[in-house]
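Here's the structure we're looking at; comments come further down.
By letter and in written order, the chains are A, B, C and D; residue numbering begins at 1 in each of them.
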Amino acid sequence: MRFGIIGAGRIGKIHASNVAARKDCEVRLIADADRSAAQSLAEATGGRVAEIDAILASNEIDAVAICAPTDMHADLIEKAARAKKAIFCEKPVDLDANRVRACLEVVAATGAILMVGFNRRFDPNFASLQQRIRDGAIGAVEIVQITSRDPSPPPVSYISRSGGLFRDMMIHDFDMARFLLGEEPVAVSAMGSALVDKAIGEAGDVDTAVVILETKSGKVAQISNSRRATYGYDQRIEAHGSKGMLRADNIRETSVEFAGAQGFASDKVLNFFLERYAAAYRDELDAFVKAASAGVAPRPNGEDGLRANLLADAANLSWRTKQRVALG
Amino acid sequence: MRFGIIGAGRIGKIHASNVAARKDCEVRLIADADRSAAQSLAEATGGRVAEIDAILASNEIDAVAICAPTDMHADLIEKAARAKKAIFCEKPVDLDANRVRACLEVVAATGAILMVGFNRRFDPNFASLQQRIRDGAIGAVEIVQITSRDPSPPPVSYISRSGGLFRDMMIHDFDMARFLLGEEPVAVSAMGSALVDKAIGEAGDVDTAVVILETKSGKVAQISNSRRATYGYDQRIEAHGSKGMLRADNIRETSVEFAGAQGFASDKVLNFFLERYAAAYRDELDAFVKAASAGVAPRPNGEDGLRANLLADAANLSWRTKQRVALG
Amino acid sequence: MRFGIIGAGRIGKIHASNVAARKDCEVRLIADADRSAAQSLAEATGGRVAEIDAILASNEIDAVAICAPTDMHADLIEKAARAKKAIFCEKPVDLDANRVRACLEVVAATGAILMVGFNRRFDPNFASLQQRIRDGAIGAVEIVQITSRDPSPPPVSYISRSGGLFRDMMIHDFDMARFLLGEEPVAVSAMGSALVDKAIGEAGDVDTAVVILETKSGKVAQISNSRRATYGYDQRIEAHGSKGMLRADNIRETSVEFAGAQGFASDKVLNFFLERYAAAYRDELDAFVKAASAGVAPRPNGEDGLRANLLADAANLSWRTKQRVALG
Amino acid sequence: MRFGIIGAGRIGKIHASNVAARKDCEVRLIADADRSAAQSLAEATGGRVAEIDAILASNEIDAVAICAPTDMHADLIEKAARAKKAIFCEKPVDLDANRVRACLEVVAATGAILMVGFNRRFDPNFASLQQRIRDGAIGAVEIVQITSRDPSPPPVSYISRSGGLFRDMMIHDFDMARFLLGEEPVAVSAMGSALVDKAIGEAGDVDTAVVILETKSGKVAQISNSRRATYGYDQRIEAHGSKGMLRADNIRETSVEFAGAQGFASDKVLNFFLERYAAAYRDELDAFVKAASAGVAPRPNGEDGLRANLLADAANLSWRTKQRVALG
C-alpha cells in the first residue's frame, strides 16, 4: 500500500515511520506547509515531497494519512474520499459536530474507507482488556473508570485553539468509554476547574475535569482528567462487571525497584504519548492497512469520531451550565 | 474508663471486645433487646447485662458505646449527654438531618463528648494517606477518587429500612471525601441504577452509583459504589494533587502469588469490613478513649456526622431528579 | 489448658499474652530469674509468680511454655516431660545435637507432647504457600529460595553466645527448607563472611551467608541471610516446581503508595519479627493447644528441631572448611 | 558503518534487522551455509549474499557480526581481526578456554575491536540496575541473586552439543554476576540435577542448577537456573548492599489484571529471549557501533567472554566432583 502523508509534524512522523517500517507499505509522497519538515521526513522514510493536491491526484497513492491541523481534516477527508483514496485521519474529524456530519455524508456517498485515529483502542493493554470484556470475562459491564493525566500542561497558546479540554484531551476517554461500555451514553454530567494553571482558566478552559456518562440500561463511566501529573503520563482504565473487574495499569520506565531506609522506590511511568503509545500507533496502522486492503470498513470509523465529538460537546455544555445534559 | 455497651449485635461485639482488650478500659454493662445476645457478650467481655436506662443512670459507667439500631441513636445520644457520659455512637446519628441537628444542639448544650463512628478514618492505610496530605506530600489536593464495593448485596429486607445506598453505604465515602479534600463540597451530582439485583430497584433503591462532589475552589471527588464485587471487599482511595498522587490499595488475604501456565494469580482482597477494618475499629476506640480521657472533643464529631448526612441527602436528590444539587 | 510460662523476656511475653487472649487457656504461673519481669508479666496476663520447680510440680499446670535461655531448654524439657506436662519449647532444643538427641530420648520414653517453636511455619502466608505445595499446585518441588535478612545486627555480645549465624538465625530457614522441600537434605554447601560488622568477624562469626541444600532426588534449596537490611525485616520464600512457582512476599507497613517527580514510593516492610510474625505466634500456639488437647503429636516436633540443628552444624562446618558437607 | 553478517539463523536475523533499522548503518553482505536463509535475510535487510571469505576480504565492510555456530567463532574472530574489521561476536568465543585465550592473543596483536554478545547487560532494566549500583545507590554490594529459567527445555539433540547447562545457559548469569559484583569471583560451588527431562540427565547434562560464587572480599552471588518455567521466561536479578537493595523484575505480556471470585490474575511473563531482550539487542548493537566508530574498546570484551567461560568450567567441575572449586 502506497501512502501519501499529509502533515509532517510530530504525529505525521509517527505514522510515516510506521508505514516505512512495514514490508507491505511504503511512503511515497509527503506534504507539509513547512517544506523543510516535509523534506526531512521524506529523507527519513524514502518518500518525496509533494503538494497536497498532487498527493490526492496521484495514481501512485493508495491511501492518505491526514496529520494536518484539525481545521483542515474535514476538507481533506472529503477530497480524499472523492479521489478514491483509503483515508486514515487523526482525531478529531472536526471540532464542529455539524461539519463532521456533513463530511461523513460525503464519505458515505463515495464509499470511501475512513478510519479515525483513536490510537488508544490499539494499545496492547487496553485492547486486551476490551477483548476480555467481549469474551465475557467480567460478565455485564457496570462501571468503567478512566484516568488520564498529562505530565504537564501545554502552552496557553495551544489551549486557546484546542477546542478546550473536553474536545482536545478527554475526547480520547469518551471514545474509550464507548469502546468499553458497549452501549451509547445517554447523559453527561461534567465538572471542571483550572487548578494547574490560572492562565488556562483565563483563556476560558479547564485543566482538571471529571465526567459521568450514563447509558440507558444504567451502566456508568467515570472519567478523570488533569493536565498535570508529576509522575509521568498517567493512563489507566478499569472496568467492573457482574463477574469481576479488569484493569490496565501504567507502564513504568523500567522494572527496577530500590529498597532502602525510606522504603521502596520504583520508576515514573512512561513520560508521554510517543513512548506510552508507540505500540498502539503501530497496531493502529496495521488495523487500517488490513481493513483497507480487504476493502472492509475499519473501526474506529467516522461515526465513532462523531460520537466522541458529541460527548465532548455535551460535557462542555454540562460544565458551562452546571447541569446534566441528556443526549439526543 | 468503664463502658456501657448499648446493642450486642455484630458491631456491638466489635466495640465490646476492643474495650475488653484494653488495659485502661473495661466493659461493665451491656444492654440489648435480645437478652441472650447481651448475656453472651457479657460473658465474653466480663460485663453484666443491664437495661439501657440502668446503664445511663449508673455511676459506674463513664462512657457509652451506642450500637443500637439507627432509629434509636439520636434519642440515646441525648439521654447519654444529659447523663454526662462520654458518647461513642455508630454512624449515622439519624437518617433525618433535622433530627441530627436537634440532637447536636442537646450535645452542645450539655457539653458532652460525642464521637461518630466513621471507622475508615482510622484504617492505618487511609489514616497514613490523609496524614501525608496534611504534611504536604502532594501539595494542593485536586482530585480524590474513592472506590467502595461490597462483596455481595444485603437482603432486600435490609435495603428497605436502610435509608438507601447513599445514606447507608456511600455515607462512609462522603465522610472520607471530606476528610481528604480538606474543604467542604458545595455541589453534588449523582447517578445510580439497580444492576446487581432488580429487587433492590423495585424497592426504590440503587446498588450501583457514582457521585461527583465539587468544592468552592474547584477541587473534586469521584465516588464509585457497587453492592457487589466478586473478588472481595474493594476499598481503595486515591488523591491527586499539585505535587503528586497518593493511593491506598486493598489488602489481600495472603501475600502468596502463584505463577503457572495461565499466568500469575494472587489472593482475593479481605472479605468484608470485620476483617478489613479490624485495626480501624481498634484505633477508632483508642482515639475516643484518649479524647474522652483528656476531655477534648474527638473527631469525627457530630458535625462530621451531619455533613455526611447532608451530602447523602443531596446525592439522593440528585439521583432522583437527575440534576446537580447545590449545597446550602 | 492451664499454662506455666518459664521465662518472662521478649518471647515469653508474646506467648503469655497469646495464652491469656484465648478463651480455652489461661496463664497460671510465671517464672523468671528476674522476679520483677515475672511479676510484671503476671499482672498483665492474670497469672502468679512462681519458681520453676513449683511450676513443674504443680497440679494446676497442664502445659509449659519454655522461653528461658537456650542452655536451659534441654533440662527443662526433660523435667517437664517427667512431670507429664505438655511442652512448648522455643527453638533450639540445644545448640549441641548430641544433647538434643539425649533430650528427645527422655521425651520419647515419657511419651510427652513436645512442640518446638519454629514459628514461621505458622505465618499465614508461608503456611498457605506450603499447603498449596502439598495440594499439588506446583507439581514436584525443584528449587526453594529463602531470603531472610534482619533489619540490623545484634550486639557482638549477643553474637558470641548465639552459636553463630547458622545455628542462631539460619536455623529458621533450615526448618523452612525442610518444610517446603518435603525431602531431607543430604548435603550442604555454605559460604559466609562478615561484611556488615567487622566485630562480628573478629568474634568468629559471619553476618552474611548463603547456603545450598541438596536432597537425594536432586531437589535444591538456596538460602540467603544478612544481618542487615535497610528497608526492614526481609522475609521471602519462593518454591519452583514442575507445574509452576509459588512465592510469598514481604508485608509493607501500609498499602499507601506515593507517586511524584522521583517516581513511586511505598513503605518499608514490617520492621521485625514481633510485627511480622504476630499472627504466626498466635497460630503456633493454637496448633500446640489443639494437638496437646487431642493428645496427638504436634509439628514441628523434637525431631524437626534436631534436623534443623544438624543442618546448621553442617553449614557451619562447610563454611569453616570451605567444603561441601554430606549428611549422615 | 557497513556490516557483514555471518550466520543468518535466529540470532543473525536479530542483529541484521537491528543494523538495517539504523540510519548510520547498513547491511551489505550476508553469509550462511544455508544459502536460501542468507538470501531471505538479504532481501529483508537490503544486503547481498556472499561467501564468508568474500565478506572478510571486502573493502565495503567495516564490521562483522559473527552469528555462526559456536565452533566457528574463534576462527572467524581471528580472520576478521587480521582483516581489520570491527568484530561483534555472539557468546561464547569458544567452549574451550584455551582456544579463547589463543584467539584473544590474536585480537590483541591486531588491535582489533571485539565485543562479545552478552546481551543482558544491555537490557534497559538490568542496565539501569547496574548503573545505580555504580552510582552508589546501595553502597557496597554484598549479595547478588540471579534467577534465570527458560520456558521449556531444548531438544536433547541440542543439549548434547551445547557444552552443558553451565557453559550454554548459565554463562549469561556468570557474566551478569561479574557485571554486578564489581569484583572477580575466586571460588565456585555448583549443584545440578536433571529434574525436568530425564533424557537430559542421560545425555550427561543437568536442567536444574544452582551456584554460589564468592569474591575475595567476601561478596557472594547466588545463581538459580531451570530449563523450564510454566509461566514464561523468568529473568530476575537482585542486588543487596550496605545501603539497600535493587531488583529488576520480569516483564508481563500486558499490564491487564483480572479480579474475580478466584482472586487476582495477571499475564505470564514475556515468552522468550526474542521478546524479552528485544531492546537489549538494539542497545547492544548501539554500544558496539558507538565504540567501533570512536575506535575505543567496547564492553563486554574478549576478556569478559573468557572470564565467563572460566566460571562455567569451574561450575561444571564443581558439579561433577561435588566440591568447591577455587579459581586461578
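Note that a residue touches a chain if its C-beta (ideal position, glycine included) is under 8 Å from a C-beta of that chain, and two chains touch if they have at least 3 such contacts.
Here the structure is a predicted model, which is why all the values come from computation and not from measurement.
Chains making contact with chain A as well as with chain C: B, D. Farthest chain from chain B (centres taken as the mean of C-alpha atoms): D. Simply put, of A-D and B-D, more C-beta pairs touch at A-D.
Centre-to-centre, using mean CA coordinates, chain A is 40 Å away from chain D.
A separation of 57 Å divides the Cα centre of chain B from that of chain D. Counting partner chains per residue, chain B shows two or more touched chains at residues 229-231, 243-245, 259-261.
Contacts from chain D toward chain C in the complex involve residues 140, 142-143, 145, 147, 149, 187, 189, 191, 193-196, 208, 210, 212, 214, 217-220, 222, 224, 226, 228-231, 234, 240, 242-245, 322-324. Across the interface of their complex, chain B is touched by residues 21, 23, 44, 124-125, 128-129, 132, 137-138, 243-251, 254-261 of chain C. Remark: chain A residues 229-231, 252-253, 259-268 touch chain C in the complex.
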